[in-house]
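Have a look at this one.
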């Protein structure tokens, strides 16, 4: 597969994805958008892990296993995040971080 | 894949305890769940006993993925002690302010389990799992008062920022994996090479992400909000356990895994420590809410502890461990007072602590002692801890010593403001506050431990020393 | 007969190779051919299924059904298609235009992609993937998002509500669907479709996994949003759900995709539980692909039977049935299968 | 050639099929100039109020449950595939895993997250 | 000597404090009596130790538990309680003042129980610094005293020119920042000593044996000077002192001015000079200049004050200037004088503050122009006040004459003209003390003070005890001087030895 590919492409891709995610997480004011941005960052991590696995340790599935764990945990995290969003929404009817200001930043 | 289950008795016991508590909570009718807190407490004490008994039981599992050494056992004991104190001191608070929820206790136990796994992590996957188990449990705990918007909001902020920091840590880990081709920390140490750009970027990411977890400046924004909004016992456990566990990981990762590029991260950590000490202490000064004040103070404490990491020597790690342990008592003591007082007067404002010494002499005294211990005033434990920490950086980082000690004296200023209110002012209401015996016992333990560790730190220092040698065989 | 299509494919391939094409180009062209065959199959199927549905429903309601256009009304569907295509695709001015157009464009993609792994007969799999079942599960759930896109972008209360219902229903029934298949996987130890079929040589899994089959059937009906689980487009409640605002070709696309999905879940059911192309009772003189198609259409007939027999259920019943009955049952099924297989192995039965 | 290129082909063609169909319909369909044509249809009456309204948060609750369970299933399939090699130890471990999953479901049930409220 | 008499002395006030904790706060008189008994026992024991010390042998005696008890092995910390001729006067002074301070606060009725607890802890802390022969334990006690003082100031202090909160905070922050520098020095000292010898040892004796390089000694001595200097209210670091005393309650003023400041002088001799002789040599001229500047500046400052406590506050800064001058001479006579002067000033300042406290309790003012003619109503009080004043200006026959004289003697030998300025300070001292005494006590009786009662009952204790010591010390200076000499001589011998080795 992909004879012309080398790891730097993957690093570049994941780096870009990570940067986009980080930017989104820092600049978005909507809680769900931030959660999505975090997912983007985690996807970048997974790309890295799988790509490195392919090039560094093709016989052992270290990176793949790690990636699966990341996916699982990320799901739990997002689930929890959404649960809190729902609870907060029930109380305040907003998901915008700027309006969540009972505690000063 | 041979499992030596005797190595992980502590972990297994914690898991079983957590699940049992959970199942019992599901099975028992709600009116007979009152004893669940006591059950969890008793279980944790037994687990603590197991952990202490396994002190000399060492080994590694799954090819280095899970390490059981004295370093990790030391931290396990620390976490368990913290969990026990937090639960014991907050039985009544939880009942009155959080509600009779069985999930609370099992979640605390699972958070403890996460910390334990973190301390024992020998590779990145275990590390990440432990970290997330702890973080997620803490998010649940922080947002536990679902009827209280502040608590929910704190939970919200915590999960967003914790998720972000986890992602940053993970990215760092993935880059380290890319640079070395392994995720076993001890193998990383052998394969680390100078000048790898991947490694440098990964290192920065790791410092940033873990800086988040230990709430070091400039990654500290979340902690005052979360500390303020969370139910107070949770805040206390968060300040103690999560921070100590993150430090455990930080040490394991940097000293155990990346000693080869020590020059690259020493300065980073030193700067982080310095900024944390300065900002934490200075921003704490104008705070009017006791929990926010303690939050900023704990940022400063993180700065102190980071100092011990700078040199990556045995003495430094010993300092970190010693300080982390004494910090447990000081913080739990202070927060237990805050929780107990809140339970009585429904306020966390410092102004409402007026005349506390006349209404609850023990609570006020413990608060005083704990705050001063954090400030590093002898003969309290904090002084000895700072001595251990700062003595490691005298050679080479003298400026850090000056900064740290002067800042800790500055911190006395805002601690004393609390003391001023508690001791000088006349209370608006003279009725004594009945805290309940469990709170009083917790406070006494915190008081005695803080004094004892300050006056006779020898044994703990020795234990910490043995534990620190895990890195320097 | 048995190897009709396989031989045709082989013939075309050798023709191409003899024409001096490289291996890669040949493979590529072959794949295009397979793809074309699948598309044609889906289109024909859809045509025929709409007709079949009408006929079946008519007979169940003691009517005749379409009988004017063409012999026995066979061309009725063709006429309908022609009508749909020639209608205007209206984009309401308040709609979220990009998403509104994108939804019907995308809707056909997941089912088509999944057909790539459908084993139509011995050696008649477009791509014989080693994780076929996984692939099916992964792609099939994409439809949810696309229907939700349609519901959201229409800027219509009923569409939105319908979209919400789609998401809730599909995610709820995906759990039992996935869990019920685990039992089969335990028995076969592979995710490859052909191997799963081959391992049913002795006994079909419908007999070993009756509970799983039942759960799969119910969940599959819900996944395809058919009555009695068609709350999504329950005309009497929310007009046509997410598809309310669509007209012309847009509507046709959703319609097509729905029937493609019906075929798909039937294909999966046949593969997983009914022995795929394997012939029962040693009737091997009938070609495998005929057996397969027969089983698929039997399944579809059962779906239709369901549709015209049961009334639509309420949304709360739907959800609670999924989570409180099907999910626990499928977990129990995994448990029983696991223990059973282990005992079977260790006892050497 | 890798089978994944085939998959990509299927996906691309699937997209092209849809896009082509819609595009073709735009080319050939009639265009009426009815003033009311572009109004939202809804149920045939003029619409009232905003459309993107609040809806039940219960929908989200199911989504949440799904996300958690769905991802845990990742582990079930590999286990099921290599059931024979893992043997009794694998069986027991997976049952512990499933037990914890079931605990979660039990808890959700008990807390009323499964009720349609 | 198996009976740990010093430890018992140290524990007596702490035990008394613990007992008081469990007494209901309504029983205020009982609390005070227990405090008096506790400090009384400590005082009696320290007298016993003082007169049981064998001056002919010298060195550290009364060693508890027969020698250093390992305490924190990896830091080389040992529990090492012992006294020599330098510690003993300070120990005695502490207990004298502690005992009288209890009686000086006899009339405090506002939250008396807590006051007694804090007072006892404070006394124990101060005592600990003087008897600990281990640097680490010394530090423990050194800083432990700050917090009780802060609490006492903010609760029982008075807000006249400055608020008590301001006074307390200023005092605390000054001392703590000073101690931060000291701490840096101590940590560096320890680390370097381990680097040189390889064995962690925190005892003063042990550290003194380590040959630190000269630049390091100078650096460290500078840090110690900041630390101890701010406690001693050395000139540019003194500004907390008058404000602090003015805000503090009587007992705190007594203890603070009387003994706490002396920890600075004691530490300077015991730690800085003893361990870092080359540093001392380098810094001595600067210390002398700062000392003289303090004398002159504070004397002038005292002259300008109209608040009694400020007068005494500035006067104590000025007296500390003498002490610094004596220490800077680095000669046996001068340092002897400095230590003896610390003792003398302690007694006198305590008496002064206790008398001012009683005056304030009666007149509710400390403003000199508002007062006058108090001697008519309160002769005993006036006697006490004047005794303290006379001692302050160095009247022969009272305790402070000989020490001041010896300081001038030796510093004149070393610094020449600088000492002359300091002697001139005496004249200014006479001026402000006499003026304050005259304006307060003498002159026509004022009608608004006619109701004033003289000292009686327990209130007499400070006057009798401290006044007695003033007189006895003045008449029999050898009681004090021989003792001090037996402690200072070996220290200075060690220094001279080190200076010789250090090569000059």
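Letters A, B, C, D and E mark the chains as written, and numbering starts fresh at 1 in each.
What we mean here is this: a contact is a pair of C-beta atoms (placed from the backbone, for glycine too) under 8 Å apart; a residue touches a chain by one contact, two chains touch by 3 or more.
The model shown is predicted, which means the values in this text are computed figures rather than measured ones.
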| item | value |
| --- | --- |
| Graph distance between chain A and chain B, where chains that touch are linked | 1 |
Excluding chain D, groups that stay connected where the other chains sit: A, B, E | C
| item | value |
| --- | --- |
| Longest centre-to-centre distance from chain C, chain (CA-based) | E |
| Centre-most chain [mean C-alpha coordinates] | B |
| Chain pair, most C-beta pairs within the contact cut-off | C-D |
| Between chain C and chain B, distance of the C-alpha-averaged centres to the nearest whole Å | 53 |
| Distance from chain E to chain D - Cα centre to Cα centre, in angstrom | 80 |
| Averaged-CA centre spacing for the pair chain D and chain A, given as whole angstrom | 19 |
| Centroid distance [mean C-alpha coordinates] between chain D and chain B, Å | 40 |
| Touching two or more other chains - residue numbers and ranges from chain C | none |
| Residue numbers of chain B (touch at least two other chains) | none |
| Residue numbers of chain D (touch at least two other chains) | 63, 70 |
| Interchain contacts (touch definition) - all pairs | A-B, A-D, B-D, B-E, C-D |
| Touch list for chain B against partner chain E, complex | 357-358, 368, 372, 377-379, 383-384, 387, 390-391, 394-395, 398, 401-402, 405-406, 408-410, 412-413, 416, 419-420, 423-424, 454-458, 461-462, 465 |
| In the complex, chain D residues that touch chain B | 100, 103, 106-107, 110 |
| In the complex with chain A, residue positions of chain D that touch it | 2, 4, 54, 57, 60-61, 63-64, 67-68, 70-72, 74-75 |
| Chain D residues touching chain C - in the complex, by the definition given at the top | 1, 3, 5-7, 9-11, 13-15, 17-19, 21-22, 24-26, 28-32, 37-43, 47, 51-53, 55-56, 58-59, 62-63, 65-66, 69-70, 73, 76-77, 80-84, 87-88, 91, 94-95, 98, 101-102, 105, 109, 114-116 |
| In the complex with chain B, residue positions of chain E that touch it | 70-75, 111, 114, 136, 139-144, 146-147, 150-151, 154-155, 165, 169, 172-173, 176-177, 179-181, 183-184, 187-188, 190-192, 195 |
